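After this come two complexes, each holding subunit A, first together with subunit B and then together with subunit C.
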Partner chain A sequence: MVGKNLSLLPDENKQKIESLVKKAGAKLSDCYQCGKCSAGCPMAESMDLMPRQVLRYLQLGLLQEALSSQAPWICATCQTCSARCPHDVPIAEIMEAIRRQADQMGIRPLRRTYLFSKYFLLPLKLFGRNHELTLTMFYNLTSGKLFQHFTYLPAMLKSRKLKIWPAKVKNRLAVRKIMENCEKEAQNI
Partner chain B sequence: MARAGVFICHCGSNIASVIDVEQVAKSAEQMTGVVYAATNKYACSISGQEMMKQAIIDHQLDRLVIASCTPRMHETTFRKMLGKTSVNPYMLEVANIREQCSWVHTDKEKATAKAIDLVRMSLAKVLKNQPLFTSSIPVCKKCLVIGGGIAGIQAALDIADGGYEVTLVEREPSLGGKMVMLDKTFPTLDCSACISTPKMAEVGAHPRIKLMSSCEVSAVSGYIGNFEVTIKQNPRYVDHDICTGCGLCEEKCPTKLKSSFDQGLGQRKAIYKLFPQAVPAKPVIDAQHCTKLTKDKCGVCAKVCPLGCINFADQESYTTDTFGAIILATGYQLIDWGSHYPEYGGGAYADVISGLQFERLVNASGPTEGKIKRPSDGAQPKSVAIIKCVGSRDVAKAHGYCSRACCMYAAKHAHQTIEKIAGAQVYIFYIDVRTPGKAYEEFYDRTREDGAVYIRGRVSKIYEENGKLICKGEDTLIGKQVTVEVDLVVLETAMEPAANSGQTAALAGVSADKDGWLTEAHPKLRPVETQSAGVFLCGTAQGPKDIPDTVAQASAAAAKVLGLLAKDELETSPMISAVDTSKCSGCRFCEQVCPVKAISMIDIPSIYNGQKVKRTVAQVNSGLCSGCGACSAACRTGCIDLLGFTNKQILEEVDALWQ
Partner chain C sequence: MKYSYFPGCSMEATGIEYAKSLNYVNRAIGLDFIEIEDWNCCGATAGHTKSHELGIALPLRNLALAEQQLPGLAMAVPCASCYSRMKYALQAAHSEEREKFSRLIDMPVEGSVEIVSIMDIYSVEKTKTAISAAITKRLSNLKIACYYGCLYSRPPKITMAHNIENPQNMDELVRLTGATTVDWAYKTECCGAGHHVDIPQESKPLLYRIYKNARANGANALVTACPMCMLNLDMRQGAVNKAYDENFDLPVYYLSEILAIAMGATFKECGVASHFHPAKKLLQKENETKEVV
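So, the complex of A and B:
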């Protein structure tokens, strides 16, 4: 048998796609593959699949292909696609839903992008406000690129683009609480 | 001695800004035969026309050259003006110095010289013009409609309701055509039979419509307002004047056959009504399969008929009638896909069916009473593949054109499958989805919402494996091969002109295009007229279309016919061909080239070597001739002239260019 046999896909695929799409608040049948999302995407050039194609794989029930695509991880969530879609498909939200699903299933098509997104909000949780140096430390340590961008450090410190110590926030525990609630909420959707 | 007047129009600045009109007038005044030349701001305006009328009186003009816009624009205006003067309307030539001179040139000097040349040429021609006179022909206030599908039904009803007599000729034993076979109509999903059978009944009961079923047109002669049409009545073997349609004969007939109405999926008897609501609601005998007619056995129907209607000796008969107008509504048929697509099984798989077969399966009055069952084993299909463009948009195998209605009925078939079979999986293979109609795109949206999976790509092969039909295709949107395994495949096959529609149209002098669709007079501005005056067309005979477009076109054709029949007499153009019988050699070449069959041959008495002989010469039917000039160009002896454009006139015009 050549090609994808659409009749032999496991039912589990369909359920997973349905719940994934539901989380994004989308309806897959709305997409008629016009390609406007891909046409306006600022990151599309770096993607292995066009955003339109990611949706197409979901429409066909080919979950594995959609989850192992790099495109959702390259997506900058700029929302251009969602804003311009003629059928109001929330494409950026679908990309986010795919990232979550892939994360749950341990699918990491781009390891470092995954790590970056994993630690991106960590300083917020720790200090109540973002702290770039902490984020860089975690990312560089886990990604194995220990001294990446190290040479930028003096200039950035000098021009106060980076701060050595995190900013002091009055009620950092309240921020942490908000974030934890958000995470819990996201789990429940 | 000719007294020609030349008038140069400024057309505001359209002509005057490029051409020195005064210079043209001055040059024209010097030309032989011209007694008066003048310019006018707008020759077509009331004041411009008055000025020319006055000049005709003042200078006793007997012919005119008007140098202005194209004759297509205002020749008729100027002819009408001359009709109110002493000058014959055909003693006029219009020199086109706008579209073919001022609008296309920038060099004023050269444009002026060209305008003078054009005026000189028109003058040379007008000096050879002869007065021509229109004649009138009476109009027979009756219309013939050929084809009893929804197009013919609609046109016949509109004309009959307008107060005129209509004869409706249908080849099949009943009205209805293809529409009555369908289950639902898109996008509203109303029942097709429910909306078409009342119209059929209305035709059957209309006091001004004569319905001729099982009939064919066998000959057409005559011309607009007066067509002589011979209609062949095929034998029905049942006397419809007596028959009440009780159905006893059909019940008792022992011969069972595949029903053509059910697309081979159901059965009928050898004596049969096409379908229960048939109009006329009376049976006919299928002579090919009736054992009494083929083997002289049986005859049960004649025995059970309480009224003695059965007549096995029935013969075909011919009637001739006169009509003022003809509407061609000969419709379409579906392509015989099996002979074109061996890769889809070529008809070997019982469960690969056409869209029309699916319509019968899903139809409550069809062979399965509306339950979708596979033809092979009667099982309910759980998965269905629908393949569009089978025979359409396929230059190599079948037809290059798009059949227009399939995208929508494919969506309808998907919707119906999902609606009737819980959990059914439907795949639709398509190249493009074309939904240009009111509420059509919304219907397509809804079908996707229903759960139909649209796959962009043509199926390459269908084969059977483990009781499943495997369709191999590509999803071109992801660029990967895909395969689906289904229980039933529905091919949305191409429309093509109905069998013999070309021959029927040719009888009425109407041509068909390379695909066999009948040709309209102008694709945009004369969509229901044909090159043959008095012959109109509508419905799928003209090209693939859906029901709303067909009905709209049928009403348009009816409106044209009503306009024609409302006249008592028709004025004919005098600019037609004339034969100089003294020079005609009777070679018949003109007869072959005439597109409207206006030329026939007659024998005239002649004298050869002092003896009385008969000679064959061409003769032009003034009612039919459209003045195209093809015969004149084709004539080897130069004996045919197109009045108003005689060979002499045209040669004088050409000669004038070099003077």
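So, the complex of A and C:
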């Protein structure tokens, strides 16, 4: 944050941040930077910005910096931060809102995390249910981790923990329609 | 007692042992889980990272189906992630967003369904008594670290859980089998969930710390009630041992497996035979030493 002239930040940043934080049901001024969120965060050691810092960036109007941070993508949504915050700031929800916003703008600092979510939703759209084999196939092919999890495969197939054929919802169209409706709705807001 | 039942995708795949053992226990104590017809995936954990709408709408369709098909019954949700998503959906159905979501799923929804976990269900006094009565073996050599994970407790605004840092309901159920439960610090710490796929190096420390704390507090096994936690704790224990040059030997059981074993189920009947980390030996020792109370 060294060398940023905060007085030159555009006003539109402020509005964008306000709407983002509001979507998460939060109020930025509630955070007094105690750092409890970051102390308890199980993923903090891998983050480029601590959860506390992400909030501080937003408070200062540094939207772009927050949107391009890896932290919201590394967040496992375990909700420890939100649960322990002494001032009830829903930090995990804010992290999620930042990630969604970045994703919509095509900012994906952790490509593999993005791919995992993307292909997680693919079998849902096709079958209405999750299907690990479809997910793994597409993820492995696109992530550059072609043989990840291969060693578990024989045991998983033998114990039927991995199904070759996906389970399907009868009314798959209804589920697909819901997913499309949500996509449209999310873009409209 | 009857419940409507939302199994969730993993019960038919990675959580197959959970399904088997739940079934065994429920039959033994006369609980009836009626599966919601044509249920769909709740979207966890990708749905809610895409959009707020998707995170609510996918589970909400199941709530609406349950209201239509099995009105008045509480919904049993055995997976922590599904449980959390259902509770989020329920809260949305009680908010000013209800109409919007009813439009998005193209179904009417009241939010009249109560969402309950397996711990909630088994902790009901009458059911607990029935479990006690059905138990025929004392598993007194087991020292269990009960691992609750994240989403049964957090966020408390959604789960309405009271004791979020040190929950006790699973411990109480496990102790019905004669096993000891240990006090430990990682009961509700995160296992890393789906991140073990996309950022495995960053996620391994989470599992390592869980095993380490469980062992340090004298546990010889872990018990969980979440298929995602189970997959991580059980399947990846070997990889964590390798990465940290460790020798953790902590079999992981579902809550329902432990109860089923204490009720006399064979390993095959309750699923213990198909774990990644060898899970039979510890129980065999058990069964040889202590038969019937």
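We adopt the following convention: the second predicted complex is superposed on the first by the 174 of 189 C-alpha atoms of A that agree within 3 Å, B and C clash if a C-alpha of one lies under 4 Å from a C-alpha of the other, contacts with A are read in each partner's own complex, and residues count from 1 in each chain.
To be clear about the criterion, a contact is a pair of C-beta atoms (placed from the backbone, for glycine too) under 8 Å apart; a residue touches a chain by one contact, two chains touch by 3 or more.
These numbers were taken from a predicted model, which means no experiment stands behind them.
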Fit or clash between subunit C and subunit B when superposed on subunit A: fit
Which of subunit B and subunit C A:R56 touches, first, second, both or neither: first
Touched partner set for A:K16, first subunit B, second subunit C, both or neither: neither
In the superposition, subunit B vs subunit C on subunit A residues touched: C
Touching partner for A:K36 - first (subunit B), second (subunit C), both, neither: neither
Minimum C-alpha spacing, chains overlaid - subunit B and subunit C, in Å: 22
Subunit B/subunit C common contact set on subunit A: none
Partner subunit C, residues of subunit A touching it in the complex: 23, 42-43, 45-46, 74, 76-80, 82-83, 90, 92, 96, 99-100, 103, 110, 112-113, 115-118, 120-121, 123-124, 128-132, 139, 143, 148-149, 152, 155-156, 158-163, 167, 169-171, 174-175, 177-179, 181-183, 185-186
Complex contact set, residues of subunit A against subunit B: 1-8, 27, 29-30, 32-33, 52-53, 56-57, 59-60
Residues on subunit C engaged by subunit A in the complex (per definition of touch): 9-10, 12-16, 38-41, 43, 45-54, 57-58, 61, 100, 103-106, 150-151, 153-156, 164, 188-190, 192-195, 197-200, 202-203, 205-206, 209, 235, 274, 276
Of subunit B, residues touching subunit A in the complex: 383, 425, 427, 433, 445, 448-449, 451, 453, 455-456, 468, 472, 474-475, 477-478, 480-486
